[in-house]
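Paired with chain B in one complex and with chain C in the other, chain A is shared by the two complexes that follow.
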Partner chain A sequence: MNTTPTLELRNLEVAYTVRGIDRQVLRDVSFAIAPGEAYGLVGESGCGKSTAAFAAMRYLPRNGKITKGSILFEGQDIVDINEDAVAKLRRSAISMVYQNPATALNPTIRIGKQIAEVFELNGVSSSDAMMMAEQALTRVQIADPARVLRRYAHQLSGGMAQRVVIAMALASNPRLLVMDEPTTGLDATVEAEVLDLVRELRRDTGTAVLFISHNLGVIRNMCDRVGVLYAGALVEQGATSDLFSNPSHPYTVGLLRCIPRGGLHKSTDRLDTIPGTPPALGLKFDGCVFAARCALADDKCRTQLPQMVTINGAHVARCFHSDKASSLPRSVEQIEYAPQVTGHSTKVGDALLNISHLSKVFTQDGHKVRVINDVSLTLGVGETLGLVGESGSGKTTIAKLLLGLTPPEEGGVVTLDGKGLAKTLNRRDVADVGAMQIVFQNPDQALNRRHSVTRIVGRAVERLRKFSLADAIARAHELLSGMRVEASLHSVRPVQLSGGLKQRVAISRAFAGAPQLVVCDEPTSALDVSVQAAILNLLVDLQKQDKTSFIFISHDLGVVRYISDRIAVLYLGRVVEFGTSQRVFSGPFHPYTEALLSSVPNIDGSTRKRIPLTGSVPSPSNPPSGCVLNPRCPRKAGSGYETLCETEEPNLNEVEPGHFMRCHIPMAKLKQLQS
Partner chain B sequence: MLRFIVKRIGLSILTLTIVSLIVFLMTSIMPGDIAKQILGRDASPEAFEIWNKEKGFDKPLVVQYSRWMGGVLTGDLGTSFQYEMPVGEILGPAASKSAQLAIVALILIAPISILGGIVAAMNRGKKVDRALTVGGLSAAVIPEFVWAVVLILVFGVAIRAFPVSAFPDEENPNIVSSVYHLILPSIALLFVLFGYISRITRAGVIEALDSDYMRTAVLKGLSRKTAVFRHVLRNALLPTIAVIATQVPYLAGGLIAIERVFNYPGFGNILLDAVIARDFPLLQTAVFLTGVVIIVFQLIADILFAVLNPRIRQKVTE
Partner chain C sequence: MTDETAKQAQQTVLSERLAVLRKNKAFIVGAAILCFWALSAIFGKLIARYDQDFMDYEYINSAPSGKYWFGTDSNGRDVYSRVIIGSRIILVISFLATLLGAFLGASLGLAAGYLKGKFDMVLMRILEAISAIPVIIIALLAVAAIGRSSSIITILIIGFIFTPNVARTVRAAVLGESELEYVAAAKLRTEKTAHILFREVLPNVLPTLIVEFTVRLGYAIFAVATLSFLGAGLEAGSPDWGTQVADTWSLIFTNVWWPTLFPSLAIASVAVSINLISDALLEVFEL
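Let's look at the complex of A and B:
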């Protein structure tokens, strides 16, 4: 092995100047990527992943600077080369793919011109460049490339926009491709397609890849080697399979344990968390960066900087106790929460929520668009119903219909605890409003930033339970403390809290009215995995104590599987499969469910054949005839039911007790096809 | 797109109707007896009555209004009390004079202000930026007529580089002379508008400079300068164009103070005379036409904005 690495970071240190003080964000980071190799960087938000990526592009924010070390591209140090030389590198040798493809494209320039620009920069004539742009789009397997050339960014779906960005990045035939969270925010099915594409392109081009992701499953499936970053320091590095099978830094061990991985369920397994919070930006350390949160840390860890130790070959970890890392004590938070005093005395499993024939039609530019089509579901006391489906499948609209934020069409009925609910929120009485509450994805936007935490929760208690102000405040404090929001934080405003704490406040608010049902709309999607685990544990505890029921909306099937008792799979506003969590996840699956499940990158490294859904989600304003899934159905061809699938919409049939499926293909046949 | 334009025009007509009502009612309730004002204090009561009858002031307001609007719509703008001439013949030349001033001013103001905004944005936080921002703001807080007087004193009286009047004395002035006379008033207007327009430009450019697509452009390997030209300006100038378009009616609709100071026979001067002389037909129509100018340019601004921004254009077409 004497080849020069494509990219090598050597003892790289980067600092951001904030309020006149240099704050270190990368600490002595060294790694190398060989030609054709895919190197993954993982870690939670704020640990320096993106900074490392942008440093490799020599593109740091205005207040960022490289304070030490070198960045070698094919052996040449690029830290001190001038802007022209940097531009030349970017034109011809290094490209980048970004997290937000939609905003990465210029909104006022046609796609074709934006791609052609790369070729023109490399001296191609503009007419040839446009032709090559079309070829570039063909290469990323976009449907109808000639048409896409003439489109604008906002006319593309997220997956298409990312393909365009990838086409643009590959246009210069780069030797290094930096991908910063390229699939974050995309649907699982789209993510799987984009990842397949990247894998294929890598095979064809042999480009070296620096792959940044917070998603360990994606990293595991995409990368040859992995580096784990914490607080700007590389704490562990090794071949992907070694690192995942034998994590040797306590942080890596903790990260892996936080994830609700295949098969875990709330009824039997409690998720681990990583205690404490990541250090503030630029904090100085005498010892190990992770010591403050590490259960194995001793005095040595706190005072001496550990060096990388070899675990096995190229697998290294920056830890004094790497041999004991796998025996890291489990960290499971418990809540101290006073049960709600309510009049509800139903027992777990009794029927609580009954949704029948719920539909919703929106009018869009004079066209009627049926976004929810005859949805009927039931949920028991103390149970969780998981709603899954690609974006646009109607998950959030169902939540809005339940809460009365938008009225359902005539004929749709929502019954809670035997009582029919008014169609709109303002016609529901206080008890009904308190009985059903919601937790949103983004607590930043859901909490009033001008109010203190106490006021946010206290006001809800006062309104929903008709408490006096003093009682309401007392109850608010009780709720907040129970959800592990410390008393010292009760008087602060949301802006001073971390994402996880904000979500705890939002959950406290939702529980103010002693609810029977809480709708959780992607409550952990914006959070890091360790915080996600803590929030999921909290929800499970609340459910056990109060017999609260949840409707849990998430695009993360692992999370849904962990927390749900029943699952409803939605496609184009219709329930295509509904049953107990165990049934839905064990198969035989509805073809759509099967495709969804197979698109999730697996963290345990087991390879599984992906069942692709061809094409994109059709518009609900013009649904396909017959079964709405039929143009994309992975099981239609060869099933013997093709004509039926294309002409007649199947009913939601009870295929076995408590398990419903909307498919023409009989269970036995599906079982045979899927085995 | 067509639907959008038709809808917008419909809205504009509605707004203009409301404007016409307000203008009509306001002039109707202006204090003082018009007949007395026009005919003089000593005229006999019969003369007042005959005059009022002749002018239609004895009719109910509804009739007076519909007669006025009917006239405006058919091109009969009424007869001025003061000059005893058709209003159209008075306002026509004045409007053309005002338009000339507006065009010269705009040609001077738009590029300079936009350039100022771009330079400030590119040097964000540096001395150039601060100088432009503070300077522009300081200049804007001083009213245009003060600037006008200062400019006349400096360039007209002391240095004698420019004429003190905005209107050439000659019989048939050529275009060079006309423009030359309009430069000082335009500079006065530049001082007033520079701060505003350059700030809007600066904000637009900064937003575009910080955008993800600008990052993409730079990481594609474009030089910063090329990236700014190709990717920033078009997006950044969108709001600026709309802002400039909304300033056009201010320029074209009669700059009373500037026209007075520079002794320029434009719309503003006529308007002021009409108020002082209680020349109702002239005043009503002049104010109403100002409203028409404002609304038409607002409409043009909206349509321009839609045409330049594909996102809005598409929304509009759907």
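Let's look at the complex of A and C:
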């Protein structure tokens, strides 16, 4: 076997020039990828994962430069080779798959031509190239490749587009494939398919892969070896199974503990967090990069740079205390929050929200599109309702309908605490508006970047609780401090806050009007896992103290499972399963829920059979007849109910007390199929 | 991030940006030129060497010399002093005209971009129709209709002419902004539309507006000069640059180039300096 690694980074240091100053983003990074090996780089945002990938392609942004070290591709140093040689390398030996397939494809050129271009660059005639493009699409398992060749990028779904990008990357038969968060923007079901595909292709082609992801589960399932990056330094490296079973750097230990996994629930378990925040870009360190946030750090850690220590064979960690890493003290933050005086005397579990027959029709190019179809749900005081489903299932639209940002169709009724709510926001009174608030997905967009933190929260208190300005500001400061936004940050603008702090400000604002119900629309999906854990803990604490109810929208089933008391699974604007968290997650499952659950990459390393959903989500403008899931249903075939599934839409039936399902196949049969 | 480091980070970003700005040669040159003209506009009479109307009959059309640095015009007036003193007129008029255009344009653009629908449709078509007519023709028609020309009328004309451009730019920025969730958040605390427009959205499109303002200011300098040149601007005989060029350009054919060249250079230098500054600001503040 060839012993020269396909890619080797040796003591690589990279700096970006930002506002006239060089800031180091990679610190002495060394790793090697053998031919045919998949190497995963994992770490939180800003740790230098993508920089490492771009450096390997010699594709750093204009303000980036390699200040030290070497990058060896098949033994040859490519740090100083000229642009022509770099172009040749990219044309024939190294390919890259980017995070966002929608922007990686040229929107004005047909797919076929884009793929054929790669072949033509390598000297194939244009007629042959088109034929080879079709073969390339076949290779990535795209159905009907001849038709896809004639399409434009915007006519493809996210999963299809990513397959096309992968097909293009593989067209030159590269020896190294760099994949930068290739599935991050995709739904879990699509992600699972794309990962399956990558795994198969790797087996067939023997291409070495540098796989970059913030998702530990994905890395665990895809890679032979893993490197953990923190603040631009490689802090731990080893075979995947070794590293996950015996994490030996406190950062890796902390990272793994933050993730809500395997049946953890808010009622019994509090999530760990990593205290503090990652260092600013380009900060200089005397000692260990992680010392400031590490509970095990001592003076030595702060003053001396630790070297890589061998844990077991190839498993190494850059830590003086790697032997003690697994005993890292648990870190849990408690809030100091004064409960709101709301005057609600109801107790936990009493009915609070009742949604009945909610529908929404959008008009698109003159066609009526029913995006929400007859949704009825209930939620009790102090409980959390988790809304899950693939993108386009209508989760966010339901939130907008509830809040009155978009009016529902006639017949839909929303009652909160026994009181019917007006359809639109401007017809609701202040008390009703304050009673139901939202925490948006992206705090960068949800907080006005021109206003100070105090103003953002204070104005909400002033409007919703009719406080005087002075009282409103006092209350805002109280709220913010309670949510651990320190007093000296109250006068700054959101741009100066980290993602987690921004989301705390957004939560403070949502709680300004003493709400009974807060809709959380993917509140942690833009955050790193350690920050996510802290935000989830905060929400749970608030719920306990204020008896606030949540509607929690997320595509992350682990998070939903952790925080929810009830779950509603949505598909194509319909509730397909609804019940208590325990019932929904313990099965028997609705076939759609089953497929969703099985597609989540498992962080525990246990293998389990994936129940695939074939094809992509149909357009709500032209839903399938019968059960809307039937063309993709993993349990239809062989169930004995095929005809019924294809002709008649099932009702949402109570299959056991408190557990509703929209499926023709009876519980007993599902149980038997799923055992 | 602790509070202290966040505050420091905020100050560092600003001070680093200012440091980059101070090193930006284009910005320095632009700012120096504009400062010079601003000082001339404020202290014109002190910097000038003669009164703008002082006529030296010994020196009619005399070439630049130690006594008259930029030479004299056909009335024996010092071109240098007239250029210096004339800066006030053009800078003030251009600035006020641009301000008027920016105010009207921003208001209409905000309303159109936020309210969308029919209002947006109708308003934008009207503004497009206005901007389809050549600027000079509108100006001349307006002057002809009013029957006289003055600085106020010049300001109004240029302000109105700039309105559609500013409105279009602001509308495009507002269309993007109004989709952002902070607008929904404002609705969810029962804010009125006017509050959302002027207190929430406007501050966020301000950078766009400021850039548009500087670009328009550059055009306004030309527009004021052009209108004066055509006699549709200020009162005849005023030391304004456009009028000076208009009064003297025919002398070029008799080889008396200085009364035309120096005001022309002044016009060009102001326009260029404003563009240099706006380019540098765009780059450094990553707009």
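Throughout what follows, the second predicted complex is superposed on the first by the 673 of 675 C-alpha atoms of A that agree within 3 Å, B and C clash if a C-alpha of one lies under 4 Å from a C-alpha of the other, contacts with A are read in each partner's own complex, and residues count from 1 in each chain.
Quick note on the criterion: contacts are C-beta pairs under 8 Å (C-beta built on N, C-alpha and C of every residue); 3 or more make two chains touch, one makes a residue touch a chain.
This one's a predicted model, so the numbers in the text were calculated from it and none came from an experiment.
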First, second, both or neither for A:277, with chain B first and chain C second: second
First, second, both or neither for A:292, with chain B first and chain C second: neither
First, second, both or neither for A:497, with chain B first and chain C second: second
Which superposed partner A:447 touches (first chain B, second chain C, both, neither): second
Partner, of chain C and chain B, that touches more residues belonging to chain A: C
Partner chain in contact with A:121 - chain B first, chain C second, else both or neither: first
Partner chain in contact with A:57 - chain B first, chain C second, else both or neither: first
Overlapping contact positions on chain A, where the chain C interface meets the chain B interface: none
Residue ranges of chain A in contact with chain B within the complex: 57, 59, 83-84, 87-92, 95-96, 98, 100, 103-109, 117-118, 121, 152, 154-155, 165, 168, 172, 365
In the complex with chain C, residue positions of chain A that touch it: 19-21, 277, 280, 403, 405, 425, 430, 433-434, 437-438, 440-442, 445-451, 459-460, 463-464, 486-489, 492, 496-498, 501, 509, 512-513
Chain B residues within the chain A interface of the complex: 211-213, 215-224, 230-231, 234-235, 238, 308-311, 314, 318
Residue ranges of chain C touching chain A (in the complex, touch as defined): 1-7, 9-10, 13, 16-17, 19-20, 23, 180-182, 184-191, 200, 203-204, 206
